[in-house]
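Each of the next two complexes has chain A plus one other chain: chain B in the first, chain C in the second.
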Partner chain A sequence: MAFDVTLEMENTTATITLNGALDASTAPKFKEEIEKVPTGKVKTLVLMMEDLEYMASAGLRVLIYTKQKMGAHTDIYVVKPQEMVLETLVKTGFDQSVIVVDNPPKIEKV
Partner chain B sequence: MDLRIDSHPTHTYGKFKLRTGRPFPFGATVVPGGVNFSIFSSHAKSCTLVLFEKHAKKPMAEIPFPDEFRIGNVFCMIVFDVDYENIEYGYRMEGPFNPQEGHWFDKSKILMDPYAKIIGGRDVWGVTPDWEDIYHHRARIAPDDFDWENDRLLEIPPEDLIVYEMHVRSFTRHASSKVKHPGTFAAIREKIPYLKELGVNAIELMPIYEFDEFENSRPNPNNPDELLVNYWGYSTVGFFAPKAGYAATGKLGMQVDELKALVKDLHKNGIEVILDVVFNHTAEGNEHGPTISFRGIDNRTYYMLTPEGYYFNFSGCGNTLNCNNPIVRNIVLDCLRYWASEYHIDGFRFDLASILGRDPWGAPLANPPLLETLAFDPILAKCKLIAEAWDAGGLYQVGSFPAYGRWAEWNGKYRDGIRKFLKGDAGRVGDMAQRLQGSPDLYAWEGRGPATSINFITAHDGFTLADLVSYNGKHNEANGENNNDGSNDNDSWNCGAEGWTDDPGINALRQRQMKNAVVMLMVSTGVPMILMGDEVGRSQNGNNNTYCHDNELNWLDWTLLEKNAELFRFFKHCIGFRNAHPVLRSKYHFSNRDYKNSGYADITWHGTQAWNADWSDSSRVLAFMLCGKHAKSGMVEDNYVYVAMNMHWETLWFEVPGLKDGMKWHVFANTGVASPLDICEPGKEGLLEDQSGLLVRDRSVVILVGK
Partner chain C sequence: MEQITVPGTLDSLSEISKYVLSAASAARLDKKATYRLRLAVDEIATNVIIYGYEDAKIQGNLDLQAKIDDSSLTILMEDNAGAFDPTTKFMLEEESINLPMEQRAIGGLGVYLAIQGVDRFMYERSGDRNRNIFVVHLH
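What follows is the complex of A and B.
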């Protein structure tokens, strides 16, 4: 299954769109994009997951890394995860570390 | 990530880049650029690392440890550029094969790392394995990046604990549980509100270390379509790995995260997690068992062997782990440290713990190094250590387990004493007085406090509470062992008919006896433990050893919550009463003195006459009063509590002790009257009509509160 990830930055919001299957072979790509997000400046990180069809342990690992890298002062939104992905987040308790929503939050004006 | 200059490969083997590893920690550890593999064997001549792609039938590589990568008896090697998320690993060990000498080396077998943190191969409960697989229990590498936030061990004082013993799968496997993923860690999380409502503040999980439910599996003689399996799991495959089949995410390899999420959520809700751990034997059985790990790595070190090389069987399960060998001692210590630090586990209950006090030849030690080490370990310092203080080899140490000021005990004498008194045996009153006080006769002489005594009337071994009052004898035919398995000493009483009956009188008496039992448990000093489902009258149809049943005999039927709502309400309020009254949760044994000048000793004994307990052999009656001014050794003030127990077959008048300072007696519970008047919400007790005394019905218990 193919995987694609894009990063957009606007003001203090970073938006990452994930597409396809996030597994051991594709997780490094996701991590690369996360590395580009500057900590401190970014207050909101939005993960668009509507088209993410599968997430393995390696994907969860990058999410945990993301949470720890961004720190407590960055809100992480998970937008519209598919059922399998949401289930995985819930069963592993990671849903409590992020904000799961149906629509992305409004981007803050500077 | 850039490699440190001291982390560059120095060797190659095929396409793999290698470097001599670090001996510590044992196991597989992710290091910059690769994975450090380290394993001990005192008798192997050589060792080969076997790597698989996840789920692959055949290895993708076999890398012999170069001679220079062995330090002492430890083979250690860093393998660079391996995709640690996607591999499984094992070892082949070469050495002598001579069972008489205790050596079982066989290079044809792939061996699981004893330090494996995740074990694949039984990823989903009950899915029939590929019996042709060359490597059944596959070591994997676990991440340790879980986001614990601010979680830590709760450190609830032991005397304040109320423990709920449960089986992960049984708790929610029944369709009536209405959870998303029945029988899993995730499902327990869904049921936390239930545990909170019940009021317990610790759960004790029957074994959750990786085990093989297919071990010794066989067709059920009563239903050939069903397998009898290793359901309870008292047979460890790997000590460091959670049971994958207990995780809804086991098939995704996320069982570590799922279990940690459960622990974190329980902690958020004020509930501790105690693990039932089995260090007395392993799943490899005796000479005829499978070679999974220890036997092929270093049989003579890990197991107690007879001079002829056979396995000692103090566990009753084929082999006995050689716990007081220094190497084995270290693995036990490493294991417990790992669970305490990595999983935030609050305590451990050691199955057949007396084995841990035997020397390598089986003799009991006066000063067992393993038990001492665990007692004084700095990482385990805040963990509860609880011993099942006996073993299958006849060593019975309730009251004499080597404790070092730290070890608590499952109090088998409490269980037996309460059961006998409950069913109306004569000559039990003196013993009962000891059990109600936290068994000072067993523990006070050595300076051990009441919380040493884990008080229980029922546990997974033996009858459930409903069966204790419904069966005179065990009915284990469904186990396929001609009813020869399971204990014959149950101290149970069926109240007039064996098993199910529609006799309303017998059923009412059984209901009363269950209520009497929970009252006795909740007013006893010490640490009460209740068995999953007793609060709703769960029955196992008289089977007192359901170790092999993955069916409704073990599964908790949640419709009982409605059917036996009266009993659940009674349990809940009794637990609430204990939680509300520190006078019931003393850290120290009673002194039988009035050191607060209240006019009453901390505990006083009564009978049908106040101040005059009947200690005679024919007595079946006992009452006691706890002085609220002496609560928590006089450090806090509480109400007075008076408990009258009439296990006689006639209704009796109990004169109650008078109170001072205008205080009056109020009725909290009376098992002799019908619900809802049998109990009330703690704090909402009604005034006792006649302050001089009351009638206590036959086989009934009353709790009064003085305020």
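What follows is the complex of A and C.
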């Protein structure tokens, strides 16, 4: 099952778009993109999840890594997760540590 | 359904998911129960592959067999890695659910999602094999 991830940077916002199935075999690709995000500069991380059909705990592990790497001051937005992906976030309490929204936040102009 | 055997590597996860999805479709499982079953089998298979085979430097396979009757869909998954009973890890993972994300250990949660996602989960050790059994009731 296919998985795609893309990273875009604009000012202090990094946007990562996830597509397909995120399991233990594809999670390293997601982690690679997270590693490219410069920690000092980025204040907001936006994860576009509308087309993410499946997420296993390997995906949650990357989210933990992300939060630890970016620091508590970085806001992580999860945009439009599918119903079952959201269920996993809620069941594991991750919805308390990220901001789940229907639309991406406005990008801050510098 | 016919049994499948896949190599115990992470590349096999998508084939395992395909097998579970086709069993769920044959049993006419609804969308949510299908997703939860796929997640359950995927999580336990991932544990077997990473900890049972790769970390232990053992090569092995995973055998999957789906059984459908009037009341349930059962997936049996067997491996020949060292003995590991996922139910012993369930309580530990459940306790970490309330910790904020930045304080969590990287790891865990897979077993929690697996056991929590099916109607019944059983583990058996038979000879040198682990057998993980996932049961979903059909309504």
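The rule is simple: the second predicted complex is superposed on the first by the 110 of 110 C-alpha atoms of A that agree within 3 Å, B and C clash if a C-alpha of one lies under 4 Å from a C-alpha of the other, contacts with A are read in each partner's own complex, and residues count from 1 in each chain.
Everything that follows uses one rule, which is that a contact is a pair of C-beta atoms (placed from the backbone, for glycine too) under 8 Å apart; a residue touches a chain by one contact, two chains touch by 3 or more.
All values derive from a computational prediction rather than experimental measurement.
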Which superposed partner A:56 touches (first chain B, second chain C, both, neither): both
Comparison of chain B and chain C by chain A residues contacted: C
Contacts of A:21 with chain B and chain C, given as first, second, both or neither: second
Touched partner set for A:68, first chain B, second chain C, both or neither: both
Touching partner for A:40 - first (chain B), second (chain C), both, neither: neither
Chain B versus chain C as contact partner of A:92, first or second or both or neither: both
Set intersection of chain A contacts, chain C complex versus chain B complex: 24-25, 56-58, 60-61, 64-65, 67-68, 87-88, 91-94, 96-97
Residue ranges of chain A touching chain B (in the complex, touch as defined): 24-25, 27, 56-58, 60-61, 64-65, 67-68, 87-88, 90-94, 96-97
Touching residues (chain side chain A, partner chain C) in the complex: 1, 21, 23-25, 54, 56-58, 60-61, 63-65, 67-68, 72, 83-84, 87-88, 91-94, 96-98
Partner chain A, residues of chain B touching it in the complex: 83, 85-86, 143, 145-147, 149, 180-181, 184, 186, 189, 247-249, 252-254, 257-258, 260-262, 264-265
Touch list for chain C against partner chain A, complex: 10-11, 13-14, 17-18, 31-32, 35-36, 38-39, 42-43, 46, 49-50, 97-102, 104, 106-110, 112-113, 116
